[in-house]
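So, here come the structures, one by one.
Same chain, two partners: chain A is paired with chain B first, then with chain C.
Entry: the complex of A and B
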């Protein structure tokens, strides 16, 4: 399989990238290329130019702020999994990074690429929506911040406009929360059949706060709000976790594909939500 | 800023197994094809869909699937392929271990397996069996059932621990 013909741009600065992307209709930034190149080979897309942004240092950083951690768009899955700041402050995302694809893909793929691509089966969205992450977008005018929940619009569709780049993902620190990312996959390295991210804050025996993010079970990642409400203020029990799983299942909206039927996937939302909650509580 | 149109050829430089190479490529050329055309035919194309790992090479110290990389992206980089593992007629310890433990049958997946094992062992010289299995989860083998590959990587880890500086300096 060969990609179709396209032009290629090696920029020297962020300004050049933004300017080029703004004026050139079908140009696309190239980050890790691990969604882009497979799509080119399948001839699903036909960009006019690829603009290689990999050399932009301004997009490759992890900043430890007072209340937030900022992750540059070019940080790879491998780096997310092994970076000390992320491990310490956003362990949920490090855990998710460890199960994205396989080691070689993790050496190339970037968080900015995942977020911009908005593949409904991607792993990070479950965690990003549970963490209330902010997407910081860069354009010629400056930056604008959009909550991840409204940044993702639909299948492969985001709030990005022509001439814009994802610059970084800003994540609030949640030190008191237990966490778990649970991925059900058909074979090692595959996309998730169901992905569930949970964050739980306890107050003594009771659940004070809980966030449940679901991915791969609808056009975009969602929060299982009803399940969260059911759990809040209560003492966790097997029965309660079962009910929460049931509520999460009700809001899921998967489609049938080679990885399973709608019925199977919905049932798995229930099972994986319960497991994720249980495993977070055991931490 | 350099702008190449779709019909332009881009001149790129690669250092493959220590050998300087200069080629002109279309922007759409994949790294795997360029390497094979240069004679590094140990870089295999298995699936062509980023799944099997037969095309794995070490690029600037990281294992990557060369079927999912444009050659132009690799401009200026150092690459290690299976052809660069043996030195002065002596196999690399990972190659020896694959031989001794029968870590291959048809051999199609083997260059990719060995290069992925190389990258993995660079990061972890005392791996558990589970870690080895996860470490090669991006490499498929249709023959061996993986058991002897895992045994080979265990043995390779032992060999490498004796002299990591020497054995892990290739890339």
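Entry: the complex of A and C
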């Protein structure tokens, strides 16, 4: 596990970062490095330069806006889990942060890194897609906003172009929503066999609105829209949640690996969706 | 008395304050780093290795290819694939460079031309012998039959017959520290620092291979970050590193990155048993006939693991008629060798599955069935001639039953609430002290402290503390005044090492005997100094006392008096000898036995949680209950891993799929659970220090108890480990 030669740059400003990333085709920004460095050591990637952005204060913030919370790309999983603003306004994401990998990764890894890496088995995408999060991308020309749902393109592929960097994730506040992130894993710290993020707004005894985000069930995170439609306007019951799980299972498209067959993983989408819904409702 | 006390480990202060010295912590000047190109194909004829470009890289000193040595039980292409590669991970070329990064850059520039051969990937395919795993060799590398009594007729006459296939998966021993060694070049001599379980054995196998190139090899065991059996037998890297040092006349270091350790450290277990059992309707077992298949991978040094499993197949039960046919087959996988338990977990998984399945078939309580068959008295000779030395098996089983019944009651209540919960019990016998013997020296140092050198080579077990307790008691001195050291072929001449739950019994008894000899020497010296007859003197709490004159001398005074003066003459009759060496071997193995009880919950994703766990053992005298308990707890967690999470997986083309600790799942602290350990000291070993060994017991007892719990929780017969989540989900 020894990486090939690479250049290493510590820019002093955002402008310098963007300039460098635009100029150097194979340069990669380095934040927490907990995916990048292992890939480098396995010689799966061979970047020309690592551009250390860790010191950029303008990427390290949590802003409590009127209708949104903005989370800088360098906010770590540990911070996501413990930050008061996020706990209060986006508890779903805090909950997801608590089960990302292990403590070492949570101390170092960042939300910007997860979003940019676009690993299909990552935890946050289920929540981000359920929350209708916006990815704010910075380039030398300014910023552009892309909904998370279209930002993620495919396995390890995003909408980022050369010279661009994720600046922040903008998340609409959903104060009246119950929430739950449920991850199925073989052991603590493992990649999700399936991850389900659920947001539910009740109106009396009826479900007024519901969002179900699924991760690790295909090349990118998806919403279980049919399941959501089935639930909306109805009174939750065991039977209804079963059916919702069934619908979520239908839209999932996992691949077989050592963690389980396609069949097993699909069934687990059903089990975990129901579990997440039930536990959100019990909150 | 220190024996029997929960004394904290003497080893820990150094280790937990960051002062451990593992291979990669040892720095010597001008060292070359060894990087290894490994085969990425499971089976191929090697045509040509192209390394010219690598040689041109600045910092590359040499490239080694095609090294073949004649080593027992290894194929011709060992330690390197010269004309044939036999598994993914096998070394094909090695780069010697002044920098590790350059070494791995150089590997990018080496290729080898090959012609792919069909790989042999499992036991069934191997047994057909149509395709050979190793060219020119029969796939059936090993066949042996063990027979006792009249197995066939006893089976045929039985009222109840049971046939079952039982599988034990392939595991990676996952030591925290990967393998590594540092070879220091010293002209006609080498000093090898190694992450090993036996420096003496390593010295001997290295000298066997290189005695025409070097006069002697001193082996020093560095601190070892775990081994679990996987760092005892010779590896290709050991030979490649030593050879490289001898040809370059430079010191050479190799420490495997995790990925390479997973790809090349000998795997373990991987047995399949086709077992037939004949019993009476009342549950009494008459005969067991077992076809034992072991997937040896691409070498045949692991055959003894099937022998151990075969000869223990009747377990702690009085089954008079037994037959075991062992078949060891070659495949294109990493060679198989030992892992904590080494054959005994495989046997126990089979005989305990048989007991549970038979109980279910006969609609009997599983404990009742075990009681019907358990050995009534010891010593007991099993049908293959193993003599179980001592103990009260029924008593321990009765004790275990109490815990089992209580857990069953609680499990029933949980089941009534709709939970999938079950309780499993296992009962096992272990064969320990794979010897043949061990050595120890005890020295009285000039400062009055005691130094003990043992031939065993512990690496985390706490044996140093245990033996210090034994010696401190024997000499009546403070534990702080006893230091136990080990792991250097220059410190003690002949020795074996640490494996097979042997160290406390064999090295402990050797140290005990050496301490007694030292005491005699000291008495003779004291007699000279005190102008007394030896017979008049008494040894009491670290002092030599003359009851008549009330004169006394401490060990320290004797040491000072013996060593204090430089110059002059030695005017005393007694030999100025302040050290004694002893060796100890036993004419039989020791046979501890025990029982594990587990309450298990399986949720609807197939995830297993252990709710309650109790282990009972009789291991003879327990020198340090805290350390023994630690061994049990660690072993249980490994047994849990092996039962539910851990499995080395190859695809149908022979490519390994579990190549990182992200893929190969070992349990973490989060999966751990509360455990209780209870020990009895009824069955003592036939030795001055009557301890039987506890290093491996828990890995034997855990899987059958856990799997039975899972079987009861899920209501489905279970015949293999690991049981993965997918196997256990009701959907």
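Just so we're on the same page, the second predicted complex is superposed on the first by the 283 of 283 C-alpha atoms of A that agree within 3 Å, B and C clash if a C-alpha of one lies under 4 Å from a C-alpha of the other, contacts with A are read in each partner's own complex, and residues count from 1 in each chain.
We take it that a contact is a pair of C-beta atoms (placed from the backbone, for glycine too) under 8 Å apart; a residue touches a chain by one contact, two chains touch by 3 or more.
Worth saying up front: this structure is predicted, and the values here are computed from it rather than measured.
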Touched partner set for A:8, first chain B, second chain C, both or neither: first
First (chain B), second (chain C), both or neither touched by A:264: second
Which superposed partner A:50 touches (first chain B, second chain C, both, neither): first
First, second, both or neither for A:189, with chain B first and chain C second: both
Touching partner for A:103 - first (chain B), second (chain C), both, neither: first
Which superposed partner A:33 touches (first chain B, second chain C, both, neither): first
Partner chain in contact with A:272 - chain B first, chain C second, else both or neither: second
Shared contact residues on chain A - chain B and chain C: 1-5, 41, 102, 188-189
Touch list for chain B against partner chain A, complex: 1-8, 10, 26-28, 30, 48-51, 53, 56, 62-65, 68-70, 72-73, 116, 119-120, 134-135, 137-139
Touch list for chain A against partner chain B, complex: 1-13, 16, 20, 30, 33-34, 37-38, 40-41, 48-50, 52, 54, 78, 101-105, 107-108, 188-189
Contacting residues of chain C [partner chain A, same complex]: 35, 100-101, 103-105, 108, 257-259, 604-605, 607, 645, 649, 657-658, 662-663, 665-671, 724-726, 729, 731
Chain A - residues contacting chain C, complex: 1-5, 41-43, 102, 184, 186-191, 193, 257-258, 260-261, 264, 267-268, 270-272
